[in-house]
């Protein structure tokens, strides 16, 4: 203590100045009050950004449902159970009086069968590819294939639509629709290649990358010690994959399907281009021709009916479709989140 | 629960077990019959360019418990995995030399890997029961080797394996419970039962008790002593006390080389090599 | 022990692995075709004149002009959306990873909101945009419709703003990932020197996360360039700029974005047989340009991914 007392006030000050110049963190101490205020401001700004981001979806939901209410008021449950979408739209567009009757069943059914078909095809092709990428692929092949899948995910939907239109639709026309067939069905519906089949094919390749990415992650997340234990028991590699790895990875694979279906349900542009020019409900009693009939989905209906949005009732009907889509996509998002969380817990719990 | 465990531990005999009459006798008997079960001759192994096992000649005798000891990373586990060809999975792994099981070269072209791995079973360091029921865990290997097996026969095999692994009485009431719901020691015994179910002849254990508490460890050691009457047991261990307690012979590895091997009792008291002595005395580890 | 020998049991090799190889091959071939075919067909239509002329209304393909305005339109939308999205997304990502309590309810709700937004189809966002921007109060974003209590609702501004909703969730997620992956030793070292939280983030964490953040922005740009539904519904279906005549002059730019035009995606949609147009070859030409842009963005992202790994040794 005596040593300090012997220093004069001015020499202590001089020391402090030197210290502040040399050690910048200490320099902060003296300006700390200013920094702390700035810090608080920044924190509030960041919080604001986060709140905005988090509540955007609420704004969307609110608006869309609000605009859609008149339709549900006028139609009730019949909106989703009654058919005649195209006719309703043309009537509403042509008439001077507002026409409120709309039956959205064709587009709802269209969405289901297109998405369902695409999911089945996606699962078949995708699970094979995922197992390949996670387990079977030699390193030299794995990286390029993964890069190609990533590329597939980035291709815009309009490109899928264009190629679908220029290649797939004519192919379907050539291979499956003979002149007699077209004539036979001409009274029911024109068959011109724009069809459920084209829609399913195009949709499959659009959603494959999303499924594969999630499924591969799920397969890779399976702890290696299970594979080792199985191999040490004399079980061969493929049986190990089928009996041990896949069962453990199943919730993650399911999450992949849910993610892919969310993407499929929302696809509008490509389906508008390849799946058909009318909201027709394919008839299963037509046998295989079922797949050759045109369809329209909820999302592609929004795009297709854009020109008629001038009529107030049509616009409201499209919002009603939009709110149904919103409901489906929100449910799918929540399901995906829950499934993925369960999968993570399962894998984490095991690694202990 | 705790009192019984403390009593159990207290009743364990002190000192190297092979000094006990029975084990010494058995060691002598095995040495007499001298049936070699697994043997390696001039075994060398590489991970890519790096050599990890240098010229190891080591016979393992039938129905003995042999302990592989040595500091971390000296190749004991790698050597173990050569014997059931688990290293085949690793792409950069290369091997030279002979490994024979009952005189048959296990790397021969016509060897069926599945049968080999069933005959030479493996238990891992961290218990890894499948995320299935206890019954399915044990039945898994059996079902895969015999797709047409009947449920009744399967049930018998499961029960017998669980009895052999001293786990039957603890789980018999609920075989459908998940394998993961058991305690660590029970899970490890479940893994042993799982290996036993496919009727092995050799059981290899890679530091099986390293993640277990002393009571579970003692139980498993007791189990191994019982099992060696029917099976040949190779155990890799870091725990010199464990090696002394249960093994008939020890093999000391250092930096990929086999430094010394011999009957446990002799090696513990009078090791021949300086490195062995240093390791056993704890001068490095 | 004779049975371990002579057992190459007709290894009932199951067809499983082969099917996996097959499905992978199918996917790779289709993808290669999807990329290569338009590039080949489109390349034929590409010449300087094509790139620098405005589209002309014509049913005859040879007379239908080029894709200058669509290219400009794409760039405009990208700029509008990215400029607004980047700060908001970055702020959100920083807040959620650095400031927010991980398991507290508000944080989980915000995360949930972002996740759910990610799942909303762009067609729904598009009509939402129309609903909102048709409100007369928001006429500044598009233009006033005469004789009605409405705004026109279609413009670059509207499209750009609605596009934000489409991409912000992905950008936030990408940025979050990269900030989360900054090793905590960076932060600890900075705190140990006695700095405040924001300074730590600004000086230590963000620079380390920079490649990932840029990746997030570029991913967003890729999504913007590729979307059609929002453009078609919120910017409109006209091929040329409906705003000022000479749209390339900077002082006209405000007018330009308040009016409508086209982007590469809406041009492709329009010119294809599905739209009004009759020029599939030109459509492929536009696809060519679009794919070049997207491939370039992909390459940048890959390159950034590699540099990031090197610096994290």
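Labels A, B and C are assigned to the chains in the order they are written; within every chain, residues are numbered from 1.
Note that contacts are C-beta pairs under 8 Å (C-beta built on N, C-alpha and C of every residue); 3 or more make two chains touch, one makes a residue touch a chain.
The structure displayed is predicted, hence computed values, not measured ones.
Asker: Compared with subunit C, which chain's mean CA position is the farthest off?
Answerer: Result for max centroid distance from subunit C is chain B.
Asker: Taking the mean of each chain's Cα atoms, which chain ends up nearest the overall Cα mean?
Answerer: It is chain A that sits nearest the middle.
Asker: Compute the distance, rounded to whole Å, between the mean C-alpha positions of subunit A and subunit B.
Answerer: For subunit A versus subunit B, the centre distance works out to 50 Å.
Asker: Distance between subunit A and subunit C based on Cα centroids, please, to the nearest Å.
Answerer: 14
Asker: I'd like to verify one number: the distance from the centre of subunit B to the centre of subunit C, where each centre is the average of its C-alpha atoms, in whole angstrom.
Answerer: Spacing between the chain centres: roughly 57 Å.
Asker: Counting only residues that touch at least 2 other chains, which ones in subunit B make the list?
Answerer: Touching at least two other chains: 115-116.
Asker: Counting only residues that touch at least two other chains, what does the list for subunit C look like?
Answerer: Residues: none.
Asker: Could you pull out the residues of subunit A that touch at least 2 other chains?
Answerer: In subunit A, residues 236, 239 touch at least two other chains, as defined above.
Asker: Quick one: in the complex, what on subunit A touches subunit B?
Answerer: Listed in rising order, the residues are 223, 225-226, 228-236, 239, 243-244, 247-248, 346, 349-350.
Asker: Please output the residues of subunit A touching subunit C within their complex, sorted ascending.
Answerer: Its residues touching subunit C are 25-26, 28-29, 32, 35-36, 38-39, 42-43, 45-58, 60, 63-64, 67, 124-129, 131-133, 136-137, 145, 147-152, 154-163, 165-167, 205, 208, 236, 238-239, 241-242, 262, 265-269, 272-273, 299-300, 302-303, 306, 309, 318-319, 322, 325-326, 329-330, 332-334, 336-337.
Asker: Show which residues of subunit C lie in contact with subunit A when the two form their complex.
Answerer: Within the complex, subunit C touches subunit A at residues 11, 14, 16-17, 19-24, 26-28, 30-32, 34-35, 37-38, 87-92, 94-96, 99-100, 109-128, 130-132, 165, 168-169, 172, 193-199, 222, 225-229, 232-233, 237, 265, 268-269, 272-274, 280, 283-284, 287, 290-291, 294-295, 297-298, 302.
Asker: Tell me, which parts of subunit B touch subunit A in their complex?
Answerer: Those residues of subunit B that touch subunit A are 84, 86, 89, 113-118, 121-122, 124, 126, 128-131, 140-141, 144-145, 180, 191, 194-195, 198.
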